[in-house]
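Please go over the structures that come below.
Two complexes follow with subunit A in common, the first pairing it with subunit B and the second with subunit C.
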Partner chain A sequence: MTHVKRLGAALQGAGTVFLLLALVFALILAINPGFFAAPSLMAFLKQAAPLVILAAGQYFVIVSGNFDLSVGALVGAQVVIAARLIDGEESRTVPVMLVMLAFGIGVGLINGLITTVLKVQSFITTLGMLLVLYGAIRLWTGGAPTGALSDAFRTPGRLGIQTPLFQIPWALLIMIGVGAGAIALMRTRFGRILMASGDNELAANRSGARVDTVRTAAFVLSGVSATIAGILIGGFAGVSAQVGEGLEFTVITAVVLGGVALGGGRGTALAAMAGALAIEALFTLFNQMALPATLRPAVQGVIIIAAVAYAARRRIRPALQSTATPS
Partner chain B sequence: MTAFTPRPRIGATVAIYLALAGVLAVGGAAVAADGGNLFATAHLVDMLTRTSLTGFLAIGMTLVILCRSLDLSVGYTAALSSLVAATTMDGQSGNVPLAVALVLLVSGLIGAANGAIVAFLKVNPFIATLGTGLILKGYLDTEYKGPAGDVPFAFQQALGYTRFAFIPVSTVVMLAVAAAAVWFLRSTRTGHHMYAVGGDVEVARMSGIRTTRVLLTAHVLCGMSAGLAGLLLAARFGTGSAEAYTNLYELDAIAAVVLGGTLLLGGKGGVAGTVAGVAILAVLDTVFNVMQIDPFAKDVLRGVVIIAAVALYARRQLDRTARRPRFAAAAGRAS
Partner chain C sequence: MQTTRLALAAAAALGLLLATGCTTDTPTEPAEEDASTAESGDEWFVQAEYDEQLAQRDIEPEGDPDTPWLQAIEPEWVDTSQFAREGGDATVCFSNASVSNPWRVTGWITMQEQVKVLQEAGEIGEFRTSDAGDDDDRQISDIQAFVDSGECDALIISPSTTATLTPAVETACASGIPVIVFDRGVNTDCATTFIHPIGGYAYGADAAEFLVDNLEPGSTVLALRILPGVDVLEHRWAAAQEIFGDADLEILGNEFTGGDAAEIKNIVTQYLQRGDVDGIWMDAGDGAVAAIEAFEDAGKPYPVMAGEDELSFLRKWQETGMTAIAPVYSNFQWRTPVLAATMILKGEQVPSEWVLPQEPITEADLDDYLERNADMPSLHYAKFGGEDLPGFPDAWRDR
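Entry: the complex of A and B
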């Protein structure tokens, strides 16, 4: 019974994103019924996987009351690092992936420590990190990425398990794994402390929760998610200097579309990832409608504002009733 | 009313100007060690020219940040304003007053839209202004494939290139706007209300402040200051350019505001500090240029300087929660 109630509460807060997702899918179906055939659906999910994974990482940071604006630059940096270090040698694939993982964890750790120990607002910390990563990578490569990725490196982002009818992309399996991990993590002690830190830092601190530790861990998780997304995007799209540009804003938008409150303490990991899926579905819909590329940002902007405004309306009402209770 | 003093402690602003002096001294020394002179007229002109564009954007940004809001659309507003200015002027000096009025109207309306979405629809300002920025980007990309319009030579000279000794006119105008904003925040009722709204919107509302109106005003003024930045862009380029938004001016402006000691969480700070923040960024850029530092290394250094500076300010502000009487005793015990 409590499970049903909890599910109901979760759906009420995040209802908008599932509504939006259903709406966009319905429109895609109306325009192109063939889209939901297994191969094209799998292709869609393969393309959507990196954003969903990034949304899971960003969710941890946002729910604990912070921002991570550095993920786009980090994804770009990871792809460039991979190409430069692997340089086409198959045997270097796994060691380089480990180096990337260490780099992602390191960047997340620095973001987290600067934010929690030095008390710099995360907006500024990660904005600075964005500038540093952006400049450092171009400085290192001399402006244009060099080297090449190995075939083994590109496998997770490009290929999958062949079944008689269609291919199940590795990216989809990784996405499901990361998603399940994120949802499970939020049910642990760590997840509850994270949520409490975002909801009321002072109360969490007074209750003995290690707010700074879990917040730093959230940044590390975001760095790890950017690493995984970098591997998938590098495999899928190859190397270019523009990889990851502007991705941070898309990811934050996705998480907020999922009903996760900026400022922390509200929202579920599942809904955040559904937000990412909704954004990717929206991009697909624009493709299907053959909407001019230049007009897409405008439509995207309108939909984001409308969806968040709609979600805000739903949230305000119960809050107004609860003001009667003494706080 | 006398108990309510929204002015930042003098100490905070002084500290930021000391930081500016420090950056100037260190930069000057570094350039001197390199065999140059940072205070040569050409470099001073370069430095001051850099302050004007970010300055306009940062002054408006200070107002919205003080209200605990944000505006990520100013870069797009400035780009659109430069196009509105250039196409309205269309090479005729007689059209300049009309163009300036139109720019202020359009940019003010964009600000009003931002403010309305934030205040009435209760959309988080980060998302709201990111959204309006995307809408403007879509419009600019669709309507303008390249530079458009023609700015009359007289206007280009007047705002873009004239200077008194080594002080460009654009910098003088920016400082005048900054002075007006300082006066507005310190001496008008709406200015005081901005600090109250940023401090705690619920308390402000219950004290009888029309918080939505205050938020709306801040956003309109922020939009109009982005419009002024657009006029400056038009004067510099001699034409309107949609490409201007690719420079991510909004992030520069936010960095300058925060460097100037205004709290991102609202309610504390001021325009005087922001001007110093803008100047610090301009000095850094000029020093990097004079020393011919790799442009990519510049980004790295800027990032590090911004984080380091804010970390230093945070040390000063650590006592902020402790200063609230309600938690004073408990905070004292905890530390």
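Entry: the complex of A and C
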């Protein structure tokens, strides 16, 4: 019974994000119907794909009761590493991607083990990892990335399958793949344990679930998602010193906007990814409205707080009523 | 009792307010405060400075054109004989604001290579440096530490922000050692010399004039800016607005990108979805290539473009043959302060305000600059002016 109620509550929380998404799209449509023509919609999805993929990774970590603040720095590090190691050589593309994957997994594993084995709060672990990665990359490159990405490396983030009318971006297909994978994973035993360890760690532990293992795995998944996002972002725009900066906050905002509770135990992967899409749509809307650039962060902040507060109200109200009834 | 407690609390609150009011302004704070006014551009526009900088572009600088870092525009020479010191091996100290962007990294390497030459010549003994990481408070204490040590024969300062660092620079001047300020300025002329290229207005004007000259009347221009509230960048935009204001061009918007390539590509892509963009004006070249790629990916013709002398942009420009200009904020200015320090310690005259030349790279000299920097990484600045230093090219290439 509680299970059903919780599912209902989660969906209600998630409902807000779909409402917001619909609202933002409706406004964009009102301002510029041309946005929904296939080519520009595809361009939007291509550009949104990395954040959606990051949101899927971050979702695993948040739902299990942790944070991963290191993803932005990891994305930046991955792009810089790729440029330096590939250095314009086409033949190195695949080996370097494998190195990046190993690096992403390694960073996730370290985050996870420090958090679960050494019992350091994930906020601190990953904040430390953010600084370590940021500093190490600065040290390694002297502040300015060198090298170049190969054309093959840039293909997933920049190109797509050409159809007569428009181009289906590889990034979109990868995003759908990762998204489907994340949703499927949450339906497995692993997903249920992950959710349980975020909801009530003690209960999950007592019932014999390997909480530490799944939490560590969540960090690894986040590291993998940052690697994929890094490949897409690097492919999309090339190397720059600022790549990835501030992404961790955008992605955590996206996940929370999707109705996933900080502290874990509640929310769906689909809604988290929809949250990322909503944020990107919001950026597009601001652009279409030609809102002064200086005003945007403030408007964005208000909308996010309003959306999350609205979702929270909808979630809390039934609970309040149910406690009120017995008395 | 109640009232005394209230009064105490009020006093405490007031004290707290005063205390916070007195703390330093970090670079981001003025950005927020000025966000609304900066939009108009008026806040940052000083007609006299604008006129002066635009005029300086046409003045032939004094000195050898082969060593632009030693040239000066309309110098007023000051006597430095009171700082003259016997024997070489001077201890020169340098308080750096940061090395937080490729432009500063490039310049910092050049400065270190120049110091090596001066050390071998026996003019500089020890070169002490500190990096404040863009933190005003840290730079103030860095400067204080150098002054307190009493071991610096000359102090070079690249201030992180103007107003906040002024008292620290004044303290350094008061200690009696020669002080050399470069890049961003401070609100005092107590320094022995203040070294800088012509400035932001000239930069912005070079870019804007090129667009006006090369675009048909009625064309559309998108302005891409790094962030608001930084004087050198605001001056660039203020000058551009001044020039665009008199021209028949439609300014589609001015967008803050943080210099992030992905952000730039997103923004340009979105503008291209709404309509044609004929020209791109940038207040700094970071991520210029991403803007160009947005046109490629959208299947649109290349815009007329103003970037910067960053190599990635210059290479893309050559490769595509587009119509472009690279305004320059002379990176070679990083060589000048250490040379100035040794001049001052020998009692030689230096200009009180040392205005270095600042010439954009045009179609005509593009190939030349690319050839000279052929081995350099893409986030390197073409006018770094270190080709004749012994560490070239390895020090800049293997950064």
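Keep this in mind: the second predicted complex is superposed on the first by the 309 of 327 C-alpha atoms of A that agree within 3 Å, B and C clash if a C-alpha of one lies under 4 Å from a C-alpha of the other, contacts with A are read in each partner's own complex, and residues count from 1 in each chain.
The rule is short, and it goes like this: a contact is a pair of C-beta atoms (placed from the backbone, for glycine too) under 8 Å apart; a residue touches a chain by one contact, two chains touch by 3 or more.
Model, not experiment: these values are computed from the prediction.
Enquirer: Does subunit B (first) or subunit C (second) touch A:166, or do both, or does neither?
Expert: Neither partner.
Enquirer: Scan A:292 for contacts with subunit B and subunit C and give back first, second, both or neither.
Expert: both
Enquirer: Determine, under the contact definition given at the top, whether A:139 touches first (subunit B), second (subunit C), both, or neither.
Expert: first
Enquirer: Would you sort A:305 into first (subunit B), second (subunit C), both or neither based on which partner it touches?
Expert: first
Enquirer: On the superposed three-chain arrangement, identify whether subunit B or subunit C touches more subunit A residues.
Expert: Touching more residues of subunit A than the other partner does is B.
Enquirer: I'd like to check the shared interface: which positions of subunit A are touched by both subunit B and subunit C across the two complexes?
Expert: In the superposed arrangement, which is not itself an observed complex, subunit A uses residues 143, 292-295 for both subunit B and subunit C.
Enquirer: Show which residues of subunit A lie in contact with subunit C when the two form their complex.
Expert: Those residues of subunit A that touch subunit C are 32, 34-35, 40, 43, 47, 50, 141-148, 158, 233, 236-243, 245-246, 283-284, 287-288, 290, 292-295.
Enquirer: Residues of subunit B touching subunit A in their complex?
Expert: Its residues touching subunit A are 117, 121-124, 126-128, 130-139, 141-142, 251, 254-255, 258, 264-265, 294, 296-304, 306-307, 310-311, 314-315, 317-318, 327.
Enquirer: Note which residues of subunit C are touching subunit A in the complex, please.
Expert: Of all residues in subunit C, those touching subunit A are 35-36, 38-39, 99-102, 104-106, 109, 225, 228, 253-256, 258-262, 264-267, 269-271, 273-274, 286-287, 289-290, 293, 297-298, 312, 377-380, 399.
Enquirer: Applying the document's contact rule, which stretches of subunit A touch subunit B when the two form their complex?
Expert: 114, 118-121, 123-125, 127-132, 134-136, 138-139, 143, 202, 249, 252-253, 256, 261-263, 292-302, 304-305, 308-309, 312-313, 316
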